[in-house]
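These are the structures, in structure tokens.
In what comes next, chain A is part of two complexes: it sits with chain B in the first one and with chain C in the second one.
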Partner chain A sequence: MRIEVTNLRRYFGRTKAVNGISFSFDSGQIFGFIGPNGAGKTTTMRIMATLDEPTYGNIYINGISVTDDPEKARRLVGYMPDNLPTHRDISVHEYLDFFARAYGIHDPQRTEVIESIEEFTNLLGIRDKTLKALSKGMKQRVSLARALVHDPPLLVLDEPAAGLDPRARVELRELLKVLAQRGKAILISSHILTELAEIIDGAVIIEHGQMVTAGTIQEILQGTKGAEAATITKVLIRPIDDIEPLYRALLEMPHVEEAHLAGDHIEADIAGDEETACELLAELVRREFRILEFKQHRAHLEEIFMNVTKGHVQ
Partner chain B sequence: MKAMLAHIDNRMNPIVIKELRQAVNGRFVASLLILFLMISILTFSLIAMSAAGSSNVITDGGQDFLFAMQCVLVIVCMVFLPGYAGLRLAGEWSDSNTDLMFITTIKPRAVIWGKLLATVILGMMIYAACMPFMMLSFMIRGVDLPTIVMILLIGFSSVVIGIQLGIFAATLSTALGFRLLLGLLILVALGYLAWGTLMMSHDAIDFGLFSSWDDGQMWAFLSSWLVMLISVLSLLFVFSVARISQPTANRALPVRLTMSGVWLLNTILLSVMAIIERESMVIVVYLYATSIALGLTLMIVVCERDRWGPRIRRTIPRRGLFRMIAMVYYSGALGGLLWVAMTFGLALGATVIVFDMADRSSAFIRIELDEAIVNCTRIVLFAYSYSMTALLLRRFMVGKILRPDHTWALVLVLIAIGSVLPMLVSMMMWGTSGMWNHKEAWMLPNLMLLFTDEHQLRSSSLLFYGTWAVLVTLLSGPWLVGQLHNFKPLEPNADRELQAS
Partner chain C sequence: MIRPTHILERLDNRANPVTVKELRQAFRGGWFGVILIVCLGTMICLLAATHFRSISTDEQAIGRNLFTRIAMLLQVAVVFGVPLYAGVRMSIEKMTGQVAIYYMTGLFSARIVNGKIKSALLLVILIVSSVAPFGFACTLMRGVGLPTVAASMVFTVCFGLIGCIGTVCLATQVASTLSAIVCLVFGGLCMAFLLSIATATQSVLIDMGPIDLLRHGAIAALFLMMPIVFTLAVLYSGALLRLRGVSPDPYDHANASRGLPYESHAGTHR
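The block that comes next holds the complex of A and B.
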């Protein structure tokens, strides 16, 4: 299944909340949706969940347009908004049962579905607790369970980790990984980029309603470095012995563009790809340098984000 | 049996199930039921004790008890149930909280229906708790069984209207100040409804309206009550559904269809009554009521969109004639204006026809019809002129600070200015003496002029509103043409191209 966002625009009067966003991703992929506050993330997600319609453009979920056929599209989307369930006097199980009924899932299938989701989201132990008695982390799990109740192939999660404690975040991250392995396409927005970096396959970065970059992490990295810089591989080398001889040797090597000392390790830019980096390591070993650590230095999502955005808010 | 129950369970409105579960889990319903039982026992004891020493108990003790119980039931249900239904919906739904309404495939109609039905079931539980006590009034004597049943039904149907009113209020604006004001207005409306119901119950008990099933008056009363019930309930229902429907949907379609249906139902009922009773004034009153309703509708239709989103445009018929008909029933200010014009024309036609059929004898009565037509035309032109002027001002002057859906507020401001400012200017220039008679031109924009029975003023104001309406229509000409031009279906794959709306 493929999710295609084509030239999406959403104007509120003269405000261009979303202005020409296009990207796509597939089943089994987790895509991060990143941007500063007011960039247009929630608006895009609401359109994807059929809660709003675009001024121009469209979103296709497995070929079904969210504008032309919102009822069909809604069955394919599990939307988790940034607000938590507000219902009082209703237990977790009753809440999920209500949504299962609302999606037209009939018994006995309904009972099976709810039980399996409660098990998956680890809600079995608290299924009889009322929603008002739950912590924020538990409510987030209930919210995710609700989004999963009709088994949608696409999950749209708006800031699911906001306000969660570290344990709840880790649990959520693991759940999302499992869901992606089960073939769900997941679009997730979050401000906690370090968290996102560990689970996403790709990202869409938007600012001021416009798309800055989109693609897999590798594609984005290459895009931000530029064509020429794409052939540079950054490595981190930590020797077990004295660092100075290794540093001098590196400076004399043909592929090493730049090297500098950074405490107990050396950071070097190698002209070439990962293959060249492997050859460099082999050469160092051949010269009997004892290397404790040799690793490719990847740019963090935060670095990418800071590089490509300008901090505009509308 | 098990399969049948499972089938029913699967088919039930999910909102009803959720609401009833929450009602059972919460303390409100249990407390209310206990309270009612205590009030019923207390009332019964008090009436019984006071009647013990009186000879009244032999003749009409049951009447007092029945009316006392009806008062308790109607007043308490009218306060608690609409409040309960309204607060529950308002707590779950707002423009910013999409938790319930749109995420699932459940339709807004089912949401409102579920809320109404669940609260009606709670009301039935309360009535069921009180019914045995009310039946005791039959044993105390003075009231017959049909009257008891009809009194209960009338009281309960008023409570249902009250519940729907509470639900409708919950779907309106989320601004706190407006909600407080609205709450107050709803409370007043519920008070009037309860008062009317109780007065009607009192008269019915006193005069034994429901004791004879052959009485034509009873059937006339019942049919009027039924039509009123259907009209008010269906209108409040579709208004509520439209309020919680997505802004991208064609919200006007069910509303205007229902309004047309309600108008037609009332036209038929009142026409039949006027012809059978040979009472032509019935249809004149109908024309006044229709005109006032259409005047209010005009203030609301100018708040509607003047652009159609892709989701709506995809459903616009392609053929010219169908497109014209569709426009009347599509969300949009121009469609609303056309609907009002069409309905007013039909109401005028129906009035003239039925008036002649009901009473051809008196030339004097005929003058009443002519006056009614002039007055009703003034009402509609007054509302049209102010509403269109507000629309014009919004588009050219205050568009940045006033949202289209708040244009009604501008209409009210203009009416207030039009009613007060010219009068003040006139008073400053000529003083208060003879102002009304000799400086009438300054009074023409005044709302109060609609109620004048002075012939000269009526004619002047008709001319004034007519001229104003023509002027404002001419000034809005480009907008009207633009609306007609923009009301067209979206071309296939148009979303893939950037095009000017």
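The block that comes next holds the complex of A and C.
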């Protein structure tokens, strides 16, 4: 299944909340949707979830247009908004039962579906608790379970990790990985880029309603200024007295464009790929330098984000 | 052969999900329980007091006086309490954007509104049926007949239904705190008006009996019902139109409060 966003625009009067966004991703992929506040992430996600209509452009979910055939399209989407369920006097099980009924899942299948989802999202132990008695993390899990009730092939998750403690974040991350392995396409927005970096296969970065970059992480690294950071290699040596000879040796090496001493280690800018880095390490070992650590510093999602965005908010 | 469990399962599957959810929430929450307990508690106290009074008095209309009080209390609970509860619940779900999530399931405006009204009607019937034995007990005393009590219960349910339709439909118009206040004031005035009509009708019913009321008051009732039905039709249509539009994005509210031009365009129609 393929999700295609084509030249999506959403204008609110003079404000261009979304202005010509295009990207695509497939089943089994987790795609990060990154941008500063007010960049247009939620608007795009709401259009994908058929809760809003674009001014121009379209989103196709497995070839089904969200504007031309919203009834069909919304059956394929599980949407988890950033606001949590506010129903106070209802238990977790009853809440999920309501949505299963609303999706037209009839008993006895309904009972089986809800129980399997409760088990998957680890809600079995709290199924009889009312929503008002749950922590934010638990509510997020209930919200995710709700989005999964009709087994949609596409999950649209708006800030699912916001306000979660580290344990809940790790649990959510693991759940999303399993869902992706089960073939679901996942579009996830988050401000916690370090968390996002560990699970996403690709990302879309938007700012000011416009797309800055999109693609797999590798593609983004190659296509942005952030790629420069990917070649930095950190080298640690013991004994520390040998750092000067190592520094001089590195400067003489053909692929080393730049190197500088940074306290107890050297940071070298290597022109080339991983193979080049391997050869460089092998050469250093051949020259009998006692390398303690040789680490390629990959650009973080945060660095890429900071490089490609300007921090403007509409 | 069709087993009763199959029939129940089929009925359960056909039930409006919103009705099921609302009833579950009503029974789990404290509000409805309080209404019911206060109603029943007061009935028991009234009945006990009247019983002790009947021993020491020869008053001919003791049953009628008791029933008047019971009917009055029932009307406050059913024509005011339940509609207010239903309206508040609807407005909360509308304001917090939960209704928007319902659309994703394929639940459309008519089903949402109907589900809310049905659940409120069931609560009305539940309260009336729990109070009904006390009303019928009054016929064992003096001054009120079985047809009057039965007609009174039916009238109460009808007025309760009118109140519930009105408040649920009005609550769909709530989008901000200001509109909530406006709806609350307007709804409160309408409910006070409805309650006064209900009380007057009950009073006439108890005085004249159901047959005479129908004979003499049918035309007056028709004239009275026409504007009420018209208002309800307008409110219901307004509710369907309002819920057809996607509810505002929570982000839009945040942006609107910062003076960005989101507010006037929040929500499109589908």
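Before moving on, here are some points about what is shown:
Methods note: the second predicted complex is superposed on the first by the 297 of 314 C-alpha atoms of A that agree within 3 Å, B and C clash if a C-alpha of one lies under 4 Å from a C-alpha of the other, contacts with A are read in each partner's own complex, and residues count from 1 in each chain.
By definition in this document, a residue touches a chain if its C-beta (ideal position, glycine included) is under 8 Å from a C-beta of that chain, and two chains touch if they have at least 3 such contacts.
If you're wondering where the values come from, they're calculated on a predicted model, not measured in any experiment.
On the superposed chain A, the two partners chain B and chain C do not both fit; they clash. Applying the stated contact rule after C-alpha superposition, one finds that A:R167 touches neither chain B nor chain C. In the superposition on chain A, A:Y103 makes contact with both chain B and chain C. Looking at the shared chain after the overlay, A:Y56 reaches chain B, while chain C stays out of its contact range.
After overlaying the two complexes on the shared chain, residue contacts for A:G38 are found with chain C alone; chain B is out of touch. Of the two partner chains, chain B is the only one touched by A:D68; chain C is not.
Once the two complexes are laid over each other on the shared chain, residue contacts for A:T6 go to chain B alone; chain C is not touched.
Residue contacts after overlaying the shared chain place A:D89 against chain B and chain C alike.
Legend: residue contacts after superposition of the two complexes on their common chain; A:R286 is shown touching neither chain B nor chain C.
In the superposition on chain A, the residues of chain A contacting both chain B and chain C are 46, 49-53, 70-71, 74-75, 79, 81, 83, 85-91, 94, 97-99, 101-104, 106-107, 130.
Residue ranges on chain C touching chain A, taken from their complex, read 9, 12-13, 15, 17-18, 20-21, 24-26, 28-29, 92-93, 96-98, 100-107, 246, 249-252, 255, 260-262, 264-266, 268, 270. Within the complex formed with chain C, the residues of chain A that make contact are 12-15, 17, 38, 42-43, 46, 49-53, 70-71, 74-75, 77, 79, 81-83, 85-91, 94, 97-99, 101-104, 106-108, 130, 146, 150, 314. On the side of chain A, the complex with chain B involves touching residues 6-7, 9, 46, 49-58, 65, 67-68, 70-71, 74-75, 79, 81, 83, 85-91, 94, 97-99, 101-104, 106-107, 130. Per the touch definition, chain B reaches chain A in the complex via residues 6, 9-10, 12, 14, 17-18, 21-22, 25-26, 91-92, 96-99, 102-106, 246, 248, 309-311, 314, 495-499, 501.
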